[in-house]
């Protein structure tokens, strides 16, 4: 025990009485430098602290990642289902049987006119010959038709409703409008599959909403829980920091950084999980696409969704810690 | 500097720990606080550090009434008080250096200036060679001295010590008390709760004696 | 401080030196009673302890429940999808067009014979008149057919393959067998939808498998994490119990009970969540069922699945705590 | 009863806490252990309670070699030793009663018999009225006495006390030492590490003095 250092302090007089404690005992510039240093150090120290316990951190991060990955995967699933749905509903066409006297040139004119309608995306003309061939293939009644000695079939227009006109009501309106055409004989809605598909998608969407709500809750619970237990673990630390004159902001800071790191790491892992899932589902999706001769590909998270996932997860971590720290800070106040 | 006006502290389940206590310590004064186990010594010190609030009465420190101190200013109040706790209160997963540095870090002092101050404080309690150790790897006496170093590192105008030598051998206890005396010489106010009556008598400073929450003897003051 | 009690001990002599510590210092019966008492008390105390902190416990239990509810809900979804699938594939019929000379009486005989086949579940006979009516409705060519002066259509048998014969290969074999019949003209497989549905279900099933794997991991992580943090929180307690001579089993016991309670409470809440989800999906499912004129109802968890959920969750809790306690117990051993 | 044969305890980062230490305490003996802060007193007691293991040498307790005691028997060994810790080691969220009852509960004693024994132990340290309180609501001296009650409640043949009066006033310290003396009278072996040299001299039992890990004085024994 030496007194050498102590001697420097000799002669220092106690400060005069003040009615409030001084808020700063260090200079402004010094204080600012200290503040930046503290933030950088806290960010570094908390990350180092997390990485120093890889197993514990890994477990927490994995739990957060799974909780985050599920809503993200769900979002992807719905996006892709809607894409499939779009493809699928396209095959739910309306067939407009034109009056027998309308010839193919006239039919082409009508088709061109119909293409202008907002509720129609595509119009295909099925000529009398094509119709006969199809009919033959469908019914196998080639012989019977040949007896007719001519083609009794009218020209048919196959109409594909646009995306906004997929609802049953809109389709019914379209059918009515088509039948009101002077050249139209009658319109048949090939709607059964569309209805079934819509019912299925509705069921899935409702299930997805439920799952989504539960999963969002799970994200909050996992992060909140982790930070809460983390803080309970470090209650002594918080109390001691409080006792040596740390401000609330100072006490909160490492927990907020920890929370942000947990969230961010969880978000990154979640992103990877979603990418992996997308990759694994590529093959069955391709098989499905083949059946439609379509370009259907499982879409990954786009830049915006990725940014939302990562930013949102970090934010969730911070918010979760903020709440948890807030609750505990109030417990070491004097009563 | 420190003034108690008819202060009563009641713990609901347990009755009064301090009863109608009034006292006054002037700036730069050094005083001992004695009394049996459970007399209320720690409670008195906690009231000064705003770790507890009085049930009745007023506590004034540096002329400011602690009862009306807004919550957000409590940390700044505590920075003016160096407190040595009876149970050391060290962070088990930080090194001795980091433990002692804590008040300075909390006050936002830049890292460079901190190191010098921390080493000076550790030197004063004879623990410079242990700066890299963690509290759990220290003997109780060593832990106690880390607590003392942490209390003085911020050069506070007030030092409150709660049984600072309970785990120290007589020689070391004497050294610590001498250290306190040196702080007193440079104008720091000190209030030291202790059971070491031998040293208290030897040093002949003002001595306050508590019994069951009441001030029953006061060798100095007015 | 009185010495009155103390005097009873006067005269007690220290036990003679022994080479090993005595394992029991109480009688067998007393010990057994103590053992039962301890278990009952521990079970009671741990539950009381959990319920004394309703918010913290609620958060943990909710996280566990959600993690448990999702695989359970997934299991239900797949069960129900398979039911829908069954219903749906039933509508993927094979139409057997009989030769023109086969009359309806003969057709009925053939139908009866086909019903015997293992790969056929139902046979419906569509008479010539029904066929004509359907044809008229389909093509709108009533006028043209009337010119034929008679009904040129054959009798048609609508065949529904049995559940085992739904695969594309089996259907192709069935079609070939039907066309080989002397009375058969040709068979047409209305299989496109069946294929599409199968591709969709396959996609969903693969997604479900992925989700299931992730969710099972999440259950383990949430429970393991919770108990791990719980134990870290009570590290002092464990150390102290160790120091006063508690056996490993004694130290572990409250944690195992806590784990079991967490798991069980989580399981109960998960069961309720699944029941709630099923109830909420009842309406859209009914709408879907209507489209099929079927008896499709969302099925809840049956007794066996419920027992598995509750028992499994309690067991998961115990296993999770066991692992976590084991890791920490080893840390307070002398080095 | 307790025998150290050339025991060395080295903490890798910090060097030897005990150096080539040999000593022998007979059954029913009462002895004091003194020495400066960091001399190795707590380490010596920890070796007896199997909280630490020696780096070299052997510790024998009750004739059994602790080095070869299988792990699963450690709890039974600890039940024969009542240990008073320098830092009390109480469970903060259990009542005083439950804290004192812990060794009995851990040993599987039925609840009915426990209550009687716990109250007797609390009575001996003068804390019967506090049985429902929690440790955090106690003064340090009261906590220390709870730790003493817990150490004696199981009526162990050996009591190891590590600075049992560091937070007690002189009167209470004397009472506690008298209590230890009464245990000694009924045949319990006691080893008490303390800085209270005044009382040690007054009571004239065998005194072992450590300095930097070596036994530098032994007033009795052979």
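Per-chain residue numbering starts at 1, and chain names A, B, C and D are given in the order in which the chains are listed.
Convention: contacts are C-beta pairs under 8 Å (C-beta built on N, C-alpha and C of every residue); 3 or more make two chains touch, one makes a residue touch a chain.
None of the values given here were measured: they were computed from a predicted structure.
Upon removal of chain C from consideration, the remaining chains are still joined by touching into a single piece.
Comparing the CA-atom centres of all chains against that of chain B, the greatest distance is found for C. Here the spacing of chain C and chain D, counted between their Cα centres, is 57 Å.
Measuring from the averaged C-alpha position of chain A to that of chain D gives a distance of 62 Å. Rounded to whole angstrom units, the spacing between the C-alpha centres of chain A and chain C is 26.
In chain A, no residue touches at least two other chains. Residue positions of chain B in touch with at least two other chains are not found.
If you sketch which chains touch which, the chains form one closed loop in which each chain touches exactly two neighbours. Under the contact rule defined at the top, the touching pairs of chains are A-B, A-C, B-D, C-D. Touching chain B in their complex are the following residues of chain A: 1-6, 9-15, 17-23, 25-26, 30-31, 33-35, 37-38, 41, 236-237, 239-248, 250, 333-335. The touching residues of chain D, counted against chain B in their complex, run 11, 13-14, 34-39, 41-42, 86-87, 133, 137-142, 145, 162-163, 166-173, 195, 197-198. Across the complex, chain A meets chain C through its residues 56, 59-60, 62-63, 66-67, 69-70, 73, 77, 84, 88, 97, 100, 135, 138-141, 143-144, 147-148, 152-153, 185-186, 188, 192-193, 195-196, 199-200, 202-203, 206-207, 210-211, 214-215, 217-218, 221-222, 224-226, 228-230, 232-233, 273, 277, 280-281, 284-285, 287-288, 291-292.
Interface residues of chain D, counted against chain C in their complex, comprise 1, 27-28, 49-53, 62-64, 69, 71-80, 83, 85, 89-92, 102-103, 105-111, 113, 120, 123-126, 150, 154-155, 157, 175, 179, 182, 185-189.
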